[in-house]
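So, here come the structures, one by one.
Below are two complexes that have subunit A in common, paired first with subunit B and then with subunit C.
Moving on, here comes the complex of A and B:
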């Protein structure tokens, strides 16, 4: 049974931010509640005040404007997976939303809640770091933009200040000659290991690559050694295999109750090989 | 239908449950599953895992399957909730219910209300789904008894019969009530 709490229904981001500033540790932002209510049900956390940001108008909008796909923070995974704008301008982002958890979690869980909770096994987080998406954080005084890679500081830790609300995720369409792919392997509800790759191929060689390993460590991180193994080379057989192998060897891996680090490294190498293969194929057909 | 306000209730919500308007005083912390089971006596939705994994507590809110075990009753304000009790019409079972019985897709029955509501959401989006579509849609609703094949057969069969007009989707009416979207 949940302990008693009050629900606040701010109409604007400024109002929500002021509530958070005033209530301090007594309050939590409440979006889909798929993480928050679980914590509270288990008695792992208690907040006497929940600030329901779903009552803020427009925070769920998904729109493509001025060359940028903007995912409102309270857009649910389901809304993203079915959004024509997301499917057209960032198909991988829409596809990954369709792989999150299960259909009930996708109907309630929001993209903002997923990122702000900074649970290490987040699918969108790995993809958005590889994609170099921008997160928009707002408070009563104004807003700032943070690159996805700079947002995740540690397990359940982000660069968000306590009175800031994540309002949107900005995703730019990939440049010409660029492909993206994501592969995950899940033994349980959430992924055990995952790799996202964004690769630009120009004149038959890799002009840029971002390889991000997710779910095995505290935060999704790029693996520069794997990216270096691709740079300037023809993205084929042995080159891709070697980069994938390096990704497994160099990834920041934590042991957990279910999976050894050795097994996780093995998974990362396999998933990296698949993600690189698919990203390169997509890059070759992307003009 | 009017539900008494419990001593600490601080919120008043109006919603539609199985086509009937309900006004209730609730506590913010009240879960939709407890509200349906304990306050309205609708015990079809079951509590099993309690963490959004199994689907035994599934109900439809504005036609979308949600885990009532992890959803605040507050979130149902202004919306249409459909539970398994709302499917039969005038003493006649819904075609999905008939199909589950005919295909022996029910054993202990604990997963069945959630299974049928999850399937109904699919049939309203994809009228006559293939077995592959049914599997993809139903994979997150767990059954420890049947081995799933009979459930898949039942859903495919019900979809086919409903599309052929042999069996109408009479149940869960009240589709006309209440707006969609976030409250």
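Moving on, here comes the complex of A and C:
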């Protein structure tokens, strides 16, 4: 049951940050509320103060400038999914936004809320870690940038300080010869298992690879053994199969009430094979 | 979704008037109210002075309550009363329509995790909720039997040690067996063991069905108020008169001192059949001396009633030519801590076990078993959903083994119209072989199949209509408009629309001139229940008779006015006509009363005592017939439904669109039951008690193609030859899917068919 709370509507990031600093554990950032309000309704958390950041001007902008696609933190999944800039410069990021939950969640839920909540079954998180995106965190005193891979510390835990606001996600277009792909398998709305792959192919061999397993563990993580199995090799048949198999074997898999870890490992291998196949195909046509 | 195909035959017609409103897909009379949000549900009501109630539930599946100390909670500002087992001393505190085994609130002992132990009434919900934590309960944990195996073990702790009284449903009939057996139903026909020994081919297997939640969008909500007149309860219940009877029993009141009012109901699917949160709310209101509202959350609704999980063993024997010979079956249904509707579910499951076939011998035993689990009761097509897929899958296994086409195998064995379904019961109305051919054709039976695509059909019959006791009244007002009074509740099925259509038809009255009142036991006449697909068939017949009663009165008046015999008169558009001359109903009423006022009251009743229905029942045999075409992804075990077909054999579709949506809704729930719905427990504790973790079907789960085939042979016992639908479709779906997988060589014996389960089975087969 939702207990009463007070809503604050700051006009600037600095003002929001100061509010957070002052109210401490009494307050939470409130964006789309799709996670936060559920939590509060279930009685799992209670914040007497919510700091609504949707009132801060420009925080929802999606723009491509100086070679960087900048997704404002309060841009909704739906806005990203339908944004021409996102579709042009990071089509996979736009496509993944379109796979999140259902239309209601996409229309209200924001990219910032998704990442800051650090729920293990996040679709964007896995893709952004593989893509090596940058998260911009701001507080009254200034700004800092954190690579996506360094942001997720554990289940529901991030590198964000309590008075920091995530203001944007920066995504650079993939370098030439690089392809990206993401495959998910969902029993519920959120994925049960997911794999993102970003592969650079040069002279017929893998020059760089990032294989990220999402949803099965506490945070999306790269699987170095799978990446090593690809490095320098021709990305074909047995090589891809072996890398995918390693991804399933090495992934950090948590138990849950719905599926066994054995089945999840199987899914990871399967999804890794599909993601690697698609990423390599995309890399071959990306110049 | 493709538009449903209609093979609608003409009804045989009970009325003199030409068929026009009846048989037309008029839009729902409550549509506008519902889409604009104007429709009022129980939770929308504010009764002056109303307090809010919250329930403290047991953390243990089985424990003795040493002491409940509510003093700290009572001291919290805003808390007005706390109800505990001690407050029930002057009541008859055990209720249950089948077995009076369930206390209004726990008395000395809790029997499942989630059982109400106390309830708080406070000025607002937050205060009530917060006060729950201040109630001190000292428990002594006791050994619990949290599954069927544990409950059936020799020497297992008994869930109920004391003698139990039967509820009104089983007066005289209720027998209790040893240990934790709550109820035993048995069918024995012929010498099954001997017939089985003589069969050419025999299959047998063990099967399981999970606990499932009925998920109605509106969880149980009740407002209770006491006054000098007695008790008034607003509740989203399906059977207001049965709830009234139980409340009168508990609070030792005459039935006329209990008033149950049912606003719109936000779905029930069985979860709101019989008595649920009403006694607890009324007891809390009595203690507080103020009106109280209690609204369950989803997790609380799941703990209030659910579908039975089941274990089953089934054996089928056939002759070489595909003729069925014998079937033996044993069924164990986990009814939880209280009988709820367990006995009826055992009966329906037992009845569904043989399927609609011509056997030489049958032996079925079905047991409802007490456990320390949340109680289980009704859910759309209970019993039939549990059993049909099992019996139907053995028919397919045998057909495959004999090299006979499964549809052909059914044609050879299906009962024909007029044949006996179960000894002593009503013979079959419908043409099952024709029905099964229709669904088979709709899923492409016999046409080439792409790889990894399988097809299956499933057919059964279920006794429907519950008890054929309904009454209705129609009141024609002085201006010629009509108020229709019936106690069938509008639960989303469109009852108000269909009943209005029937009255409109009988009285040749435009639909806009009819208003249908909500159920209110002080106002709307007796109806037994809203369930078992009975509203159109049984309540509809009562309404038809009530409307006909007014029609006769109008004709009498007109014949007096004109001095003409009644055969010279006809009804049309709200007036009685003689050739080209007409008198409006308003005119006739004014003439009759001699003033500009008055009204005509029509009365209709359907009663077994006057020969309606057959003593041994059922009111009719509802048909459960479906077909599926599925595609298997062997890498994940996921199944996609390419085509789903269902026959709604309704006798006469009074409103074809409402029939279709009933059929489609039931199919969608069938897909949920088949593929993913399952309540998960750990040591008796529900662990997926939210809609994030308990998945119900959504539009995303619709099959690629969906065929709802309406069949109307006019053979039903309801108005215009109608018979009910709305349940059968659900029961057919799991069987059609399981058989489609069998077509791909995969035999599944446990539901739901989660991808992991299918994937594991695939690996076993390989």
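The criterion applied here is as follows: the second predicted complex is superposed on the first by the 286 of 287 C-alpha atoms of A that agree within 3 Å, B and C clash if a C-alpha of one lies under 4 Å from a C-alpha of the other, contacts with A are read in each partner's own complex, and residues count from 1 in each chain.
We adopt the following convention: a contact is a pair of C-beta atoms (placed from the backbone, for glycine too) under 8 Å apart; a residue touches a chain by one contact, two chains touch by 3 or more.
Not measured: the values here are computed from a predicted model.
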Combined model on subunit A: subunit C and subunit B, fit or clash: clash
Larger contact residue set on subunit A - subunit B or subunit C: B
Which of subunit B and subunit C A:140 touches, first, second, both or neither: neither
Touching partner for A:60 - first (subunit B), second (subunit C), both, neither: first
Which superposed partner A:266 touches (first subunit B, second subunit C, both, neither): second
Which superposed partner A:207 touches (first subunit B, second subunit C, both, neither): neither
Which superposed partner A:107 touches (first subunit B, second subunit C, both, neither): first
First (subunit B), second (subunit C), both or neither touched by A:34: first
First, second, both or neither for A:186, with subunit B first and subunit C second: neither
First (subunit B), second (subunit C), both or neither touched by A:4: both
First, second, both or neither for A:14, with subunit B first and subunit C second: neither
Against subunit B, colliding segment of subunit C, chosen among 657-665, 675-683 or 747-755: 657-665
Doubly contacted subunit A residues - partners subunit C and subunit B: 1, 3-4, 38, 102
Touch list for subunit A against partner subunit B, complex: 1-7, 33-34, 37-38, 41, 50, 54-55, 60, 74, 78, 101-105, 107-108, 189
Partner subunit C, residues of subunit A touching it in the complex: 1, 3-4, 38, 42, 102, 185, 187-188, 257-260, 263, 266-267, 270
Interface residues, subunit B side, partner subunit A - complex: 8, 10-11, 27-29, 31, 50-53, 55, 58, 64-67, 70-72, 74-75, 118, 137, 139-140, 182-183
Residues of subunit C defined as touching subunit A within the complex: 125-126, 129, 297, 635-636, 638, 676, 680, 687-688, 690, 692-693, 695, 698, 700, 754-756, 759-760
